[in-house]
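Below is the structure I would like to discuss, written out as structure tokens.
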Amino acid sequence: MIWQFDIIILIFLVVAAIVSLRLKDLLGASMVFGIYSFLICLLWAEMGAVDVAFTEAAVGAGVSTVIMIATVFSTTRRSKD
Amino acid sequence: MKVFGLIAVFVVGLLLLSATQDFPSWGDPRSAASDGEVSSFYIEKTESVTKVPNMVTAVLADFRGYDTMFETVVIFIAGIGIIAVLRNFEGTDSPSDHDNDDDGAGLLARFTCSLILPFIQIFALYVVAHGHHSPGGGFQGGVMFGASYILLALAFGLSKAKQLFSERRTMIFAVIGIFIYVGWGVLCLLLGKEFLNYSVLDSILPGDSMMARSHSMLVVEIGVAFTVTAIMFSMYSNLSTRGRLSKGL
Amino acid sequence: MDPIIANFIEENIVPKFNYWIYVILMMIGLYAMITKNNLIKKLIGMAIFQTAIILFYVSIGVKETGGIPIISHHGPDHHQEAEVHSEESSKNLKHNIIDKDKYANPLPHVLMLTAIVVGVSTLGLALAISQRIHKSFGTLEEDEILNELRPGGHD
Amino acid sequence: MTEHFPILILLVPLFGALIVVLLGRERPEQCWITSLISLGLSSIISLFTIIVVLSDKVQTIRYRMGGWEPESTVFEVGIELRVDILAALVVFAVTFVGFVNTIYSKTRAEAEAQGKVPFFYALIQLLIVGLCGIVMTNDAFNLYVLIEITSLTSYALIAMGNRRAALSSFNYVIMGTIGASFYLLGVGYLYIKTGTLNIDDIRMVLGNDKLWEHQSIIVAFIFIMLGVWTKMAFFPLHGWLPNAYAYAPSMTGTFMAPLMTKVMVYVMIRVMLWLFGDKFVYSDQHVWGELVIWMSVIAIVAGSLLALARTDIKKMLTYLIVAEVGYMVGGAWLGNVTGQAGAFYHILSDAAMTFCLFIAASIIVLRIGDSRVNAFDNLFRKMPLTMIGFTVGALSMIGLPPTCGFFSKWYLIRGGIEAGQWEYVCALIFSSLVNAVIFFRIFERAYFGKIAGVKEDFSPSDSDANPDTSIKEVPWSMLVPLYIASVSVLLLGIMNRPLFEWIQTALK
């Protein structure tokens, strides 16, 4: 519950979200999305929601990123925006 | 489209921000949500009613167990939905696919994986079983257990992982998971109380009715873990092979 | 700085910073879902949108004075004998009054566990659908797909 | 035993879905029989629920999951199911349509599901579980989970079709997630102000603490309404619906078109009257009452005109659904019991007639192989049995007595006159006229054939084969559902008086 810590992570979150949406390489975008998930998981752990953070670490950063990368590999890495 | 999207997004954002003004401050322990009767009941009574110190597990598996049952069903739907959409049953069993391109990663990755896989699986089991006292539970443990198979498939090739966890077996495990959860609820129904009213199970479980609630939570968490493990692996194996279940990443 | 603005920041932004950031993240996600051309990008936007809502819910449950929502028998406020989970100590525990300000509100956490699960299920299914689209159209860009449909389709 | 009926309605199809998945794809016949039995059982239980609820003693079944009686608190701590006559009627409609549609799926599933028959039956049963759960639950968050269950199953079911179906399913994923997330946000805003999730308790807190003027409650209402409207395809938010339902596999379209939007209309009525309360929704302080009526007028007019512009029969029917959603939204927002009851009665009658029309249209498209209305020459001669069913549905859509479409429109118009909303009444009459034009255009084609009757003998469709041998009536497994649907259209019309009285007393 350290608010300075909180604000830093929140700003990083916004940055990560924008970067992952602006990257033209889908593999990179998926990776940055994984970073976003880990950041938000850190935020939740810090806010006292340990179970939610645990789930997000396993699901958001783990499985979501893996299946997203699996899709990128079996389709295409190219993106126009 | 871009302009329209921008306008719509800003209208939504302004509406939401306009409402934050009369929210209680962030972290205010006296806010209606945190100080309300329901959450006070959960915090103060959970342990005396269910003997589970982790309130999240208790609320998840008991007070709102009906929600969690449908959460498991959602996962199950995602699994069979992906198969229904993507699975290509033709050309699965041609043996040539198994020989080529499916030998997994290099030696180093294989060796490391074979070292850490048992620990991941043991930790996953710990997370499932220890959800009453520490963060975790059936869902998190199940995801980790599924992830261990995903790792196996990445390192040794999908065909190796499929020998351990074939498609038929995945489906059976997923069904068993939901069957454990729902069946446990139906057992309460048969013993004459409401669906998912675990307290009636003290006649067949050791301990009093509160311990029965505690034990039942473990049972349903195990059910959740079964389904989640199976579906996570099935999701990965379908998505990484475009539904052919051969030639993984 | 203008005192009115300073006052506004003092009263509306600082104590509700989490809510502001959640709205910003939600707007980013929603904008991506509406305007992005690439299907995977739309899905990343969708995931950001959903996590923003989860962030909002988790922010509801935070208490400045509270820790994690697991009742601890090792804290300074509790008796030492409650440390062992024996029959006797748990009887004692019943008489212990639990200070509700010491624990975060567990209900939003429970709700959000469910929401995360729903999110990953939707993501998985949507990825499967986009793989199918790629298989039959050969591309993941929405405008290229619509171009391909135009000559044959009657809509 | 009777108190357990609500949960049994849900559990039977749930177990049915599990068994169907276990049976596997080698045994499509057994999958069909299993889901037929489970849905039949479920609809029988829901029929009994109606009888239980109608008795004077019960009226509303409340079923607490896990037996969490609120002892030390005023609010519910667990999740509660609440079944009154309205919920019981909708649940019966859902399970019964599901049962009849399963009969229809017998041959189509094997042809269109491409060897994924068990997954189709499992998904459709889980969809029914979700829809019944939505109708019965009394918990705002549980409603969200169930909405997502129905959404996920319908994404998968639609995407099982051809490549255009996959594309429209993707659009549906995006729109549906926005809608469901808006609903979730609205619930969060309510929760932060009230501290509870039970629908009745939220209404109580809103009333007791006079939270109505608070900005956050107003925003919560707007977002929940936006979410529900997206899900029910209310006019400006309807973009996902026409393609999704038109390109879905036929046995999916016949099930989802009658039910998905109607159940969401039920959710809207429930949110308006039970979650927020009529004092809040119809209060004079808010501008939205008049605004939404005008929006529904636009939806009705636009839906009808868009339907008129289509030549593809399935697309045409989907735009008619958009117009019908406008009827129900307008009726619910009129602010008097007649309008609300009319909107509710229209849920049932629209489910019956859309079901009837969709089955008929699917059969015709299947047999002719062409979905354009221009190809419907001489259908009355070629497939008389199918066309009888189609005619009943079409007459009900136009609103001719004794079909249920006439009575529901009659009640809606009466509600509009009572509330003095003449624009709504005019839109309803206009839409009836447009429907008449649409369907009589089809009848003309189907009865008299090509306008230039002389040329008929030389037309290419007749030259390659004799029409009597090329186009045959379909097997009984398709005709029986069609007739059940058309009989229920008539039956709902004949039974309108008692039904309407039950609905009215429940709404008061």
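Order of writing sets the labels: A, B, C and D. Residues in every chain begin at 1.
The criterion applied here is as follows: a contact is a pair of C-beta atoms (placed from the backbone, for glycine too) under 8 Å apart; a residue touches a chain by one contact, two chains touch by 3 or more.
All figures in this text were calculated on a predicted structure; none of them were measured in a lab.
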| item | value |
| --- | --- |
| Each chain counted as touching subunit A and subunit C at once | B |
| Centroid-based (C-alpha) most distant chain relative to subunit D | A |
| Contact-richer chain pair [B-D vs C-D] | B-D |
| Distance between chain centroids, defined by C-alpha means - subunit C, subunit D (Å) | 31 |
| Inter-chain centre distance, subunit B versus subunit C - centres from mean C-alpha coordinates, in Å | 16 |
| CA centroid of subunit A to CA centroid of subunit D, Å | 38 |
| Touching two or more other chains - residue numbers and ranges from subunit B | 16, 20-21, 23, 27, 31, 33-35, 38-39, 42, 54, 56, 64, 67, 71, 74, 77-78, 81-82, 85, 135, 139, 235, 239, 242 |
| Residue numbers of subunit C (touch at least two other chains) | 17-18, 24, 30, 59-64, 66, 68-70, 104, 107-109, 111, 113-114, 117-118, 120-122, 124-125, 127-132 |
| Residues of subunit D whose C-beta touches two or more other chains | 141, 145, 148, 152, 155-156, 159, 166, 185, 191-192, 197 |
| Category of the chain touch graph - line, ring, star, complete, other | other |
| Pairs of chains satisfying the touch condition | A-B, A-C, B-C, B-D, C-D |
| Residues on subunit A engaged by subunit B in the complex (per definition of touch) | 1, 50-51, 53-55, 58-59, 62-63, 66-67, 70-71, 73-74 |
| Of subunit B, residues touching subunit A in the complex | 27, 54, 56-57, 135-137, 139-140, 143-144, 146-147, 150, 232, 235-236, 239-242, 249 |
| In the complex with subunit D, residue positions of subunit B that touch it | 15-16, 18-24, 31-39, 41-42, 45, 62-67, 70-71, 73-74, 76-78, 80-85, 87, 89, 168, 171-172, 174-175, 178-179, 182, 186, 189, 193-200 |
| Residues of subunit C touching subunit A in the complex | 17-18, 21, 24-25, 28-29, 32, 36-38, 40-41, 43-45, 47-48, 51, 54-55, 58-59, 61-64, 66-70, 104, 108-109, 112-113, 116-117, 119-120, 123-124, 127, 130-131, 134, 139-141 |
| List of subunit C residues in touch with subunit B within their complex | 12, 15-20, 23-24, 26-27, 30-31, 34-35, 59-66, 68-73, 90, 93-94, 97-98, 100-101, 103-111, 113-114, 117-118, 120-122, 124-125, 127-129, 131-132, 135 |
